[in-house]
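Pasting the structures here.
Paired with chain B in one complex and with chain C in the other, chain A is shared by the two complexes that follow.
Right after this comes the complex of A and B.
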């Protein structure tokens, strides 16, 4: 992984270096930078030195977290810009990924289970459609329909400027608070699920989980009513309102692949002998479907999901442009088009890190899911 | 000897009574009658063998008893009575209560009977949870330990995954699984097919041991007549979906009446008897799609000219106490 990461850094640097009209010239031609910033940037990147030195400097700087000023938005540094944009993209796409994976997996599982029925045929056709549809066109269609025609959701952007005009909070502050809340919520629920695993009676287990879920919702209601948060609620709601359409659109497009793959693998699994054993044991249909068939069918689906994570990150450029979502994707596009080299390079490298981490997590989860590839730790 | 006699008399109640059971698979090419008009009954503690060549409907019978057959199959007539309770026509939910609780099954090929991603213990506990929802986890674990002891497995097996066990261990664990809900009948569907001969012998002994220990009824399905002879009190010989001869194992081995039973016995070497050349039959079993009039074995029958009456509609007749044979072989005697 480390080797891959270094290769990635080197290649992305060389690519940017190869852009006609190199970073150095760009810098000199840029009117918005004050003289001291010129000096600093040249020193930082070693722009007056040969390629090998420049490359070395870039890598060292990357690990120091110092990538110089943005050429366009001068007083901000590249890292600051990313720090502002990254959470937005991260949040949008983790929500979408999780949602798409779960709906896709659920739909696929039900499809396989109801093989041959009419609803199966129609849902499969719909899934194939949303799997193969030309994404930008579909996104525009969604925008037009839900945003313009029905007027249910805002057309793009991260927030409604009018509402924020006299806001006491910075949007990033509110947003981070929202992320914090979501992470805490899911962590608590995760811990509860793990703890309830020990309960032997299935109905009791399910009741406790459901109860705690609603309990958490009630608690979060109180949570958003305390102190600063009660004022922040209004603005948080505005941001959440803006996330609906992008999340919905990307989910619709992304879930189909998972659904179709789950359907195929699950149909394969349903032929296996242990499904017959499970039926002979007198287990309920739902339990056989979820615990035996879907659980085993999950493995190849997760594998393919690992590979799609990266494409979804790349896809953020398209999504964010269409929905004017100010995230990493837009930052890449802007900085590349306007030749804001430090920012472009930094965003590229960060996306690389992001993809590597996602891969790593997926790999770990795969080992967790399939006992057959787990390495024995105890003698 | 007397004690066995007494035991038998105490337990002479009929556990499973199958009458005129017929089942076919609906396929694009037509209906495949896999089970044709089969009747038999099993007393408690008795072991019953179903023997016949591949594709003769042995497994279909087993599946039909639990109604686990594929969706394209239809039970056309007959009844399956478990301790007087009719099983044919029960809803899926009612059947679920019967499965494993009263009748459990050991499938052919234990290798694939376990879900590869769930621990063995958990898979057994799952069945326990389903049928004894009030049990605590501790009780269930204890129960599993007892079962494992009975089939000669280590306690730690419960915490292992199926791929960590050998074939023989998996099969032992399957037997433990089959015993987990204290069933009245165990169906063993070629439980030793995928195992080598030594392990095969161990597993057979294991099955026999627990069967006698717990007083279970056993339905043993195999194509291997030697194994059947060793395992069962009573056997039924199947050919092309019907039972052609049925009776106490000893009687059938000593005095096979139906030509197919004889052919089957002639194709198996005997250790004790005189050396004979093993015989094999020409031809193939008939396709079950076509309706067969008269004896389905007639085209391959070596004796059809001399002693049979192949035009008679197939049905069993009693020729001695408990010894039934298809009417065809009764023909010209």
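Right after this comes the complex of A and C.
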């Protein structure tokens, strides 16, 4: 794993190094950079030294978190820019992923269960459509329909500038507060669902979970009324209002992959003998579907879902470009197009770190979810 | 004599198995649907050169990149003022000027001395669909249907080329990893881990920053990255299952060389899975090409992504359905062709994976 990561760093450096001409020659052409920045960058990357030294310097710098100034947004460094953009991408896409995973899993489950019916064929075709839909086109159409024609949601951007004109807060400050709230909310809900896992009756369990969900919403209403937060509420609402359309669009596109995969694995599982046994025992249809079949089918779905996180980063480039959402994807596209090499390099390497962590999580969760692997490693 | 008989027997068995598999494939409705879609686009792609060659289509009018044609109409000059709507003639501000009218502000600079009520000749670009241009023309007076055909040629060439390259690489490496094991296997697995880690789109951005990407370059790049990535792992696991089958052992005992075992015993058994991967990777390749040309990072004359990009840059997408012939066909074509290949893959999956069959 570590070796792979180092290889990745080396490849990403060589890739930028291979850009014809001197990739850093932009420095000389940019009048907004003062001379000291120029010298610092040359010293930092060792640009006057041979390749092996440059490579070594880059890797050391990466771990130090010191990747030099951005050429275009000069006083900011590459790391500062990433620190500003990363939470926005993370927030948007974690919300989308959770939504997409649950809807996708549910739809796939129902599809496999109703195999052969007319509704199954149609829903499958619809999900294939949304799985293969040309994403920028779809996003533009959504933008046109909901933003321009209906006027329900704002067309792109992170916030409405006139509302923030005399705001006492920085937008990042408010946004971090929102992230904190989201994390706390989902953690509490997660704990509740784990605690209610053992309840036998399915309807009772569902009622408890729904009840606690609405309870949490009521509590969070109080939470946003306390202290500084009551002033922030207005601005947080503005940001939340801007997230609606991107979240909706990406969810519609992203759920289909999970749904189709769940359908396939579930169909395989439904052929197994223990499902027949469960039927023969006279268990209710819903219990067989949710407790017996779906849990086994969940395993490959979760794994492949974590593997698609890299794909999600790919998708974020498009989403953020079309909805003008200032996140990592837009940063990397901008910096590559305008040859802001330090930022492009830093972003690319960071995405690699992301993917690495995702793969590691995939391995761990596989062991956690599949008892067969756990038992093997213990004995 | 005996050998010839054996060969014809073998051929018969092959034809039979293809027939049987096709019958299985026919059972899945979605597979047939996908095949029909793919054939329609293939027909479109082949039709355009045919039309040009037989001079049914004039290149000057219908060429997807440099052709020009615009619809001429006689329009009455009116003036649209900033007054309160509805007026007796127009309901909303966007109704003025109407279809056969033109605003005086728009034509006055080019026609000195023009006044309200005059009738002048106007060129309409983009022109709506007519019998001459089935899907109308775009903002530069080019035939949209012809562009659509050109785009499907690009999509087919790119999709199939990258899929063949990718599947060739991954099948070869996957079987090698399974057959030889040990260090080779470990190395290949680490390599595909690394490739899986690379974010494709940003990587393509960077490559396009220092190289002029043409379609076949992109096909090669996509093929190589697709071929080195996750599919090696899947094909290796399939080849491992084949490797332990008795017929491989008996081939080894009878003195078959490594190459012989690899090519004539293991590869044919991995081939169905490889075909499946090929079909699925076409979907991804078509989408990647469209995205890159949509963002303007691909050196290409005409493609579906570029059509949408032009429509967006000229602001027709935000006009919505008023200019539907610029907005809908290109995006729908990408979606349908990618979806068609995906559906074919699903149908093949039902054939090759017995656990998915209904009976």
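Basically, the second predicted complex is superposed on the first by the 356 of 379 C-alpha atoms of A that agree within 3 Å, B and C clash if a C-alpha of one lies under 4 Å from a C-alpha of the other, contacts with A are read in each partner's own complex, and residues count from 1 in each chain.
Here is the rule we use: a contact is a pair of C-beta atoms (placed from the backbone, for glycine too) under 8 Å apart; a residue touches a chain by one contact, two chains touch by 3 or more.
As the structure is a prediction and not an experimental result, all values here were calculated from the model.
Shared-chain residue A:14: touches no atom of chain B or chain C. By the touch criterion defined above, A:131 reaches chain C but does not reach chain B.
When the two structures are aligned on the shared chain, A:276 is found in touch with chain B, with no touch to chain C.
Once the two complexes are laid over each other on the shared chain, residue contacts for A:339 go to chain C alone; chain B is not touched.
Applying the stated contact rule after C-alpha superposition, one finds that A:121 touches chain C and leaves chain B untouched.
In the overlay built on the shared chain, the residue A:187 is in contact with neither chain B nor chain C. More residues of chain A are in touch with C than with the other of chain B and chain C. In the superposition on chain A, A:149 makes contact with chain C only, not with chain B.
No residue of chain A touches both chain B in one complex and chain C in the other. Across the interface of their complex, chain A is touched by residues 29-30, 33, 190, 193-194, 196-203, 205-207, 209-210, 230, 283, 287, 290-291, 294-295, 304-305, 308, 312, 317-318, 320, 327, 330-331, 334-335, 338-339, 342-343, 346, 349, 355-356, 358 of chain C. Contact residues on chain A toward chain C in their complex (touch as defined above): 3-4, 7-8, 11, 15-16, 18-20, 115-116, 121, 124-125, 128-129, 131-138, 140-141, 143-145, 148-149, 264, 267-268, 271, 307, 310-311, 313-314, 317-318, 321, 332-333, 336-337, 339, 344, 347-348, 351-352, 355-356, 359.
The part of chain B that touches chain A in the complex is made up of residues 66, 68, 92, 95-101, 104-105, 107, 109, 112-119, 125-127, 129-131, 133-137, 140, 161, 163, 177. Those residues of chain A that touch chain B in the complex are listed here as 198, 200-203, 272-274, 276-285, 287, 291-292, 295-296, 299, 369-372.
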